[in-house]
Amino acid sequence: MESFVHVVIILMLVTTAIAIVRVKDLFAVTMLAGIYGLLSASFFVLMDAHDVAFTEAAVGAGISTLLVLTTLSMTGRFEKASVKPQADYRPVLALVLVTVTGALLIYGTQDMPGFGTADAPVQTHVVPRYLNDSATEIGIPNVVASILASYRGYDTFGEVVVIFTAGIGVLAMVMSNATKMPVVQTALMSDHVVLRIVSKMLIPLIMLFALYVQFHGEYGPGGGFQAGVIFASAFILYAMLFGLTAARNVVNHTLVQLLSALGVLLYGSVGVVAMINGGNFLDYNFLSDDPVAGQMLGILLVELGVGITVASVMIIIFFTFTARSQKEGEAD
Amino acid sequence: MNSLTPELMLQLTMLVPVLAIAGILLTGRSENVREAVSVIASLIVLALVIGLYNTFKAGIAVEVNWFEIMPGLSLSFRLEAMGMIFALVAGVLWLVTIFYAIGYMRSHHEENQTRFYACFALAIGSVFGVAFASNLFTLFIFYEVLTLSTYPLVTHAGTAEAKKGGRTYLGILLGTSIAFFLFAILGTYFVAGTLEFTQGGVFPAGTSVAVGGALLVLFVFGVGKAAIMPFHRWLPAAMVAPTPVSALLHAVAVVKAGVFTLLKVGTFIFGLDFLNELPTTDALLYLAGASVIIASLIAMRQDNLKKRLAYSTVSQLSYITAGMLLATDAGITGGAMHIAMHAFGKITLFFCAGAILVTLHKTDVSQLRGIGWQMPVTMAAFLIGTLSIIGLPPTGGSWSKWFLLSGALDADQMFIMGVLMLSSLLNIAYLLPIPILAFFPPADGVARPAIKEAPLPSLLALSFTALMCLVLFVFPQPLYELAASITQ
Amino acid sequence: MIVHLSVLQVIIPLIAAPICLLLRKSELAWAFATLVAFMTLAVSVALLSQVMQSGPVSYELGGWEAPWGIEYRVDMLNAPLLVLISAISALALLASRTSIENEIPENRHTFFYIAWLLCMAGLLGITATGDAFNVFVFLEISSLATYTLIALGKDRRALWASFQYLVAGTIGATFILIGIGLMYVMTGTLNMADLAQRLPDVENTKTVFTAFAFLIVGVCMKLALFPLHLWLPNAYTFAPSIVTTFLAATATKVAVYVMIRFIFDVFGFEFSFTHFPLQEVLLTLGIAGIFVASVVAIYQDNLKRMLAYSSVAQVGYIMLGISFASQTGIMATLLHMLNHGLMKGALFLALAAVVYRMGIAQLSQMHGIASRMPLTMAAFLIGGLSLIGVPLTVGFISKWYLVSAALENGWWPVAAAILLGSLLSVVYIWRVIEVAYFKPVSESTPDVKEAPAALLIPMWILVLANLYFGIETSLTVGVSQMAAADLFGGLR
Amino acid sequence: MEFLGLFNYWVVIVLMMIGFYIVICSNNLIKKLIGLTIFQTSVFIMYISMGKITGGTAPVLADGITLYSNPLTHVLILTAIVVGIATTALGLAIVVRIHESYGTVEEDDIHAKDKQA
């Protein structure tokens, strides 16, 4: 049964991907890409990667779709039909390149350990330590969270910085030159009364759920990143329904920027405090007298840092994009 | 005077010109002060060079080591006979040329004179670097500085023609030096492990003659300043420069740096014995011989006086290259002596050409008939210079030619002997008519014009160099001793 | 604190970046960023001297020993590069405030400094880490910051250049990710030292072969090896000048470092050069890159673009050194990486000064500019001579060793090709010198003043470094020699 | 399962290559970015597949379970997903600016406009 689902999902993935190549309507492409994200999330569930699935669903089907749609609202939804009179050689070249690359990869898979084998190097080297000892070394059941926040906490620090960098990049590029935001704000869906009322009830629930995901990450799937995305989507929903100005009244733009920096700083200072206490950077054992308690505290704090930065950067990106698009709309 | 050690003197020959640049640039506003700086600097340098000569004669070894860039690759200098000859020539002629230039540049109303004198000083400083270099690397550096510092002098006029000439000049000199010369240096370093000029050569016994032969080819073509054909084009191209530049740099400093380098390489990198074994030596020798003859033939067809002199230089340079390739003691001695002899002869001719240009505004050979009556001193000097280039007594040129001939005889190179003979005949054919026709009476019915000589500083300069041609015939002994001691 | 040096030099700029955002005012951000860069420089210098005295430094992040945790590993190979990155960054930041005045709108300056610090931290992180996946993470930090910095250029083509680089860079990074994944699937580890131990058991598999291929192609994309260089000329041309200075001097070097680390340390010399036709590929592409890029450089009117193509050519030289597969060759490569950083830093800073005064570095508008900006053009001249490889500059030293390495292999034609490449650089540098120095000032030459001291001082520090390390070579040559010996001594 | 092993990887490779193809081939910048996402997501699928153990469960420690799928690949891909969305966001920001200054998001139009300038 499992392998049947497996085959069905990857075939659906292929179909979606091919559809994306063929379709010219970018709106449809975006939706298909969202579906692609959802399908891969389902695939990840099948592969026992619940954390990844959660994230992929939030990102692939959620945030990135939203961002692309916002962009499309500015740039237009249709891809230009190829009207070149002379033969376009690019598809052929691309096909050759892609075939060669793919062939090399397929060549490479031939000596790979079979799918799902338990005695492959990936299962026998390095990983056993995480599975066997993390309970005593870190003290939380979700091994993914242990590795993410502690064993390879430095990668995650890097990841937070990547997100922060993207936020800075978007701000640096798209931030409106005018210091004041345009006054007239039409919310995307202000006409839908039912939607507004239902959402108004939903938003607190979403936020509550975000908090749950944030602090439950040690025990089940979830953690700072997923929580941050969910938290941000609550705001985005609010902004879509009640307009940007209203959303801005709730969360000031400057404040969000500061928060995005503070999240990174929180993560960094946990590391620095560990250093000051005599350990290495990010060595949570030194945060408390009891190593395991130190680990718990450290993971809690860094996950919080991740959550804060991710949520605020997502809000920043969305706000700057929509502000830009509305400004552009006025200019037309 | 105790503090003025020979080591310090040696370094000062390079540093004084550099300091002079600063002085020239600072005093650029006032012509007189600026030129006084040049004169003083050249006087100091001349004194230093003579001091060094006395030191050298006393048999004191002088070595200076600036710094080592990597193991076996250092910037260092040593006093040695061949370098001494070159330095003496350059030191004496710089002073003379400065005097000449003062007269020439002023009466010719040239622009950018400050840049002119500054670059001139830099070029001379690097000539001393070349002369005293104790290894190939040091020599190479100063060789390149010389190229770069003379580029602004070549393009001095700023016209399109000057630009074109400058580009040819730089293109050939830099191109050959990087593509061939540097390559040869690297190859030498790789094969021999050192670049130090050593009596008898640096290549270890048993070095493949094929590699050695290839390196020799690279050296001969790489030292573009020696102007062996087919890499001679830059020299006529450089004639767009003001005459003092052509005189000192392209009759003396730059081209002599080229042949000097070749003599050094032949004697102290390859060593005469190894040179004799190489398969390419003879072929290159024939090329040098051909270069002598072909350049002379081209010279005959030039009507522009400076161009004719330039091709004559190309031909004479190949004498010296041939002297090295003969790989005999007499050949080297003759080559080294010819550096000095040709320098005095050719600079005299260029001085005269410049004097004619500024006084009578004539540039072509065909315009020179009868001008000897207007410029008797100049044309008399021209005659002496011509004799020296041809190699006839009573001028110094006859000595160096004699040694080159005996070198060819030692090496059993009848071809080169023939070339030398033939070339002397050609020299007579393309140079001697100029001063002789100058003293022919002007065409019938034209009144003999009044005497109108070049500006006094220039006139003094060219008389001095002409005189030196004669003096070197009577007293060749010091020069000969230096040249003969090279291979000992 | 001494034990933390290796991590400090990455996290100082990393943590400083968000602090800059809190500072908000661009003057403060600049002062702070510059201070941080100089602190980082001090740390990396201390680190280098520590490595030179007592050997490689290993640091366990989070206190977890490798291969379970992430390890920082600094040895003779990467320590000098860390110094180069932080030094160039510090000097360029010094000049940046003046340089971006006319090139970037005022309200984006703070973001500029933040992105700069992030970029620098990313580059330092890639260089210091001993963990393959951590390379990817920091690569993306530096890349995203770089895209931002490039897109801040004032010409709209900067946006297009940035986008092209984003696509090329992401493809490259994804290739690297595939390579890392395939290595991981065969060994179960991500730590470089651990990989080096476990790869030999599986080195005959097709998977490892493919992993290597993807890794190398991905890295070559980042280091702009011909013909994967197409993103580079636009990016360097349209980025703000000071950004170009920083990137040209450091970014490609870091990619080269990653390549060397994987070729020699992780996969090992044996595998790279026997199981894989690396030598042939690098030799061919290297020489092709030198000639094609140099020739293209000759025809550029925009000097930033000219030097960008020159950078592509220089990557060719660097690859040649690797392809020699000898200790001298790799030493020449390492030396040239450092030296080229110094040259291009000086040259692009000189151009930054020209752009500051004239708005653009277009050769056709620079007739006689040397009389207006003598110090700037003198710096360009010396930098150019160094690029050509004139003795007494660093350029000569690296060319010397490159040719020596070629001769050591008996590859005379390659040695000749290197010198011919130098000749081409003579042509494109001399074009500039001729116009700037020997053409009379014409009407098209704007009436400009010498560049301000804020640009001149860092520029001349780099110029003097070009001369100093061209004469006193014991440090650079010594360090490269030790690193090369380590790479070959550490053979299994 | 043996068949599925090869089949799975091959299909994943096909997915990657479709993404790669879209990146190279699209004229539209937004579609290029979407292609990039597809390409990266497929690489993620490859990673996650590598960590799967047949019969294993999600790596959340619980009593009575001994076989867990590899948690390390999950961590790596979590990081990679974040990197991916960061890249996409930045790319879209550039696209927005390109649209403002060029008035188009089609590659050949941009080339044409640059040539004119």
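All chains are identified by letter, namely A, B, C and D, in their written order; residue positions are counted from 1 within each chain.
Following the convention adopted for this analysis, contacts are C-beta pairs under 8 Å (C-beta built on N, C-alpha and C of every residue); 3 or more make two chains touch, one makes a residue touch a chain.
The model shown is predicted, which means the values in this text are computed figures rather than measured ones.
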item	value
Two chains joined by the most C-beta pairs in contact, as defined above	A-D
Where subunit C and subunit D are represented by their mean Cα positions, the distance between them in whole Å	28
Centre-of-Cα separation between subunit B and subunit A, whole angstrom	75
Chain centre separation (subunit A, subunit C; CA means) in Å	31
Euclidean distance of C-alpha centroids - subunit A vs subunit D, Å	12
Where subunit D touches two or more other chains at once, by residue number	16, 20, 50, 72-73, 76, 79, 83, 86-87, 90, 94-95, 97
Shared interface positions of subunit C, touching two or more other chains	133, 137, 140, 144, 147-148, 151, 178, 184-185, 190
Sites on subunit B at which at least two other chains make contact	none
Chains grouped in pairs wherever the two touch, ordered by label	A-C, A-D, B-C, C-D
Complex contacts: residues of subunit D adjacent to subunit A	1-2, 4-22, 24-28, 30-31, 33-35, 37-38, 41, 44-45, 48-62, 67-79, 81-90, 92-97, 99-100, 105-106, 108-109
Complex interface listing, subunit D residues touching subunit C	16, 20, 23, 29, 32, 36, 39-40, 43, 46-47, 50, 72-73, 76, 79-80, 83, 86-87, 90-91, 94-95, 97-98, 101-102, 110, 114, 117
For the subunit B and subunit C complex, residues of the former touching the latter	67, 69-70, 73, 75, 137, 140-141, 144, 152, 155, 158, 163, 166-167, 170, 174-175, 178-179, 182-183, 186-187, 189-190
Subunit A partner contacts - residues on subunit C that touch it in the complex	4, 7, 11, 14-15, 17-19, 21-22, 59-64, 67-70, 105, 107-108, 111-112, 114-115, 118, 121, 125, 133-134, 137-138, 140-141, 144-145, 147-148, 151-152, 178, 182, 184-190, 194, 198, 202, 205-211, 213-214
Touching residues (chain side subunit C, partner subunit D) in the complex	133, 136-137, 140, 144, 147-148, 151, 156-157, 159-160, 162-163, 166-167, 170-171, 174, 177-178, 181, 184-185, 190
